[in-house]
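Here come two complexes built around chain A, the first alongside chain B, the second alongside chain C.
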Partner chain A sequence: MNVKDLIVSCIHRSTLQVFSTMLGEELLLAGVATERDSQEVRDGVVSFVGLTGSWAGTGSIICSPEMACRICAQMLLTEAPAVNEEVLDAVAEVTNMIVGNVKNDLEPHLGLLGLSVPTVVYGRNFRARNARHSEWVVARFAWGDEILTVKLSIAPDSAKTGEGVHAASTSFGEPYALDV
Partner chain B sequence: MQADILVVDDSAAIRKILQRVLRQTGMAIGTIMEAGDGEEALARLQAHKVDLILTDINMPKMDGLQLLGRVKAAAGWEGIPVVMITTEGGETKVAEAVRLGAAGYVRKPFTADQIKEKLAGLLEAALST
Partner chain C sequence: MNVKDLIVSCIHRSTLQVFSTMLGEELLLAGVATERDSQEVRDGVVSFVGLTGSWAGTGSIICSPEMACRICAQMLLTEAPAVNEEVLDAVAEVTNMIVGNVKNDLEPHLGLLGLSVPTVVYGRNFRARNARHSEWVVARFAWGDEILTVKLSIAPDSAKTGEGVHAASTSFGEPYALDV
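Moving on, here comes the complex of A and B:
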């Protein structure tokens, strides 16, 4: 199994589990891709959680404002008519749980990883890019008519490759020897 | 007799969910206090001793492991059971929490049954002392 397949499998399992347990909702995997940082501007809610260790990167969730409100309403059993602090906090926590569980699943293969506290952005006409590594494994999930995008960009940390950690190609498409 | 609980998490969403879940369990729970980080939790404890602490690990200012260490080192608080509730599943964090004296560990995402299973015995013991 290569790194991309492993990440897809971890994202899939983690996202379904978080939505099922915390929101009582079932999502459907609608597509998987490997993408570079997009140059296009976007609107909506984007959250990030950093991963550090022998491999380092970022996990991210992207959804519409309407879906963010729906996540909050379903998770907290409350009214969420517009994006507010509570909605952003709910999206941050969902991101933390999804990426945190992906991290836990990746650790046996990639070594110990640290998790940052999440950051959430809500706005219009913005662009986000990963300063270190621009290739993302992207999984899209359908929740009714809406799409939730969960993506992860991770690569060996060059500063730590001399410490006996996994050194590998940073291309997700290339095979990487993993004992899975 | 009812047990007072301190819930510590930097996410207001999780604190709100835990308030609801704890009430749903049907356990004998009195006041549920909240704190957004370890420092705030220590301030709450100064004002109101509780029967159990439920804390996240990854938090700003003072994280859950630091909070656990401070509680276990403080005379009068060392007997309060502290249960860690977190996405962290790494063995190093678990081992560190156990070494510091954590009474239990719940992984996020969690169900009400998992919370009840982990806390019921601890609350019963806390109320019987």
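Moving on, here comes the complex of A and C:
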């Protein structure tokens, strides 16, 4: 299994498990892709959490304001009529749990990883760009007629491996194929 | 010296040094504060980079679109008429260098820290919220008639210390005073 397939499988398992146990909801995997950072302008809610270690990167969840409110409502069993601080905290918590599980599942293959504190951004017409231009592994999940996107970008940390900055800009393929 | 004063001193030294050596510019410290996450709506450019270890948190830089373009122009010695990918990458690189230096200066006091990959957000009318509600140590620097803000939020990682989630919501004060 290469790193991309490993990440897809970790994201898939973790997302379904967190939604099932924390929100009592069953998601369906709707699609998988790899993407480079795009010029895409975003509306809605986007979270980020950092991963560090001999591999380093970022996990991210993207959803609509309505889905963010629904996550909060299901998690806290209260109404969430608009994207307020409680809603952003609920999205941060789901991000922490999903990417935290992925981190645990990746560690046997990539070495120990640290998980930072999630940041959640909400707005209209904003752009978010990751500094390292390695590929994102993107999994889309259907929740009713809405889509929740979970994505992860991770690459060997050039500062740790001493391979220079370009080692981090790799695509997921043969060079990092793993026996898993 | 307590943790807050230590962080201010690290941010101060690192920011002046990065601007001086990378951009050939002299910044002036214009103010220092501690802040909780606010409901504040932002316009402009905001970067985030995660710190992990037995203490975990986030470093962040906030500036206007004009200042982001100026950082890019000074760094690459080219014109940057609008906030494009090159400008966001320049802000990410400055974030990586400033927070990376702060990390190195904090490590003798807080233990080894990992640094994640910066994310840069650009837009109008967006909110960014950090999941853990510990205080930010905020330093503002004057660059001509504009202000560059560098801030850091870091607290003992409850997952590592086993002190439960509320250990992370501390303010910077006596409990974490250090002999430095």
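Throughout what follows, the second predicted complex is superposed on the first by the 167 of 180 C-alpha atoms of A that agree within 3 Å, B and C clash if a C-alpha of one lies under 4 Å from a C-alpha of the other, contacts with A are read in each partner's own complex, and residues count from 1 in each chain.
Note that a residue touches a chain if its C-beta (ideal position, glycine included) is under 8 Å from a C-beta of that chain, and two chains touch if they have at least 3 such contacts.
Computed from a prediction, not measured in an experiment: that's the story for all the values here.
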Practice item. Please work out whether A:125 is in contact with chain B alone, chain C alone, both, or neither, and reply first, second, both or neither. Key: second
**Study point:** More chain A residues in contact [chain B versus chain C]
**Key:** C
Review point. Once the shared chain is lined up, is A:86 touching chain B (first), chain C (second), both, or neither of them?
Key: first
Exercise for review: Have a look at where A:44 lands relative to chain B and chain C in the superposition and call it first, second, both or neither.
Suggested key: neither
Check your understanding: Taking the superposition as given, does A:72 touch the first partner, chain B, the second, chain C, both, or neither?
Key -> first
Review point. Touching A:22, do we find chain B (first), chain C (second), both, or neither?
Key: first
Review point. For A:156, is the partner it touches chain B (first), chain C (second), both, or none of the two (neither)?
Key: neither
Review point. Looking at the overlay, what does A:97 touch: chain B (first), chain C (second), both, or neither?
Key: first
Practice item. Once the structures are superposed on A, label A:107 by its partner contacts, choosing first (chain B), second (chain C), both or neither. Key: first
Practice item. Please indicate which partner A:56 is in contact with in the superposed arrangement: first for chain B, second for chain C, both, or neither. Key: second
Check your understanding: Both chain B and chain C touch chain A; at which residues?
Key -> 85, 89, 92-93, 96, 115-117
Check your understanding: Given the complex with chain A, which residues does chain C contribute to the contact?
Key -> 37, 39, 48-53, 56-58, 85, 88-89, 92-93, 95-96, 114-132, 153
Check your understanding: Contact residues on chain B for chain A in the complex?
Key -> 10-14, 16-17, 20, 58-60, 86-90, 92, 108-111
Check your understanding: For chain A, which residues count as touching chain B in their complex?
Key -> 17-18, 21-22, 72, 75-78, 85-86, 89-90, 92-93, 96-97, 99-101, 103-104, 107, 112-113, 115-117
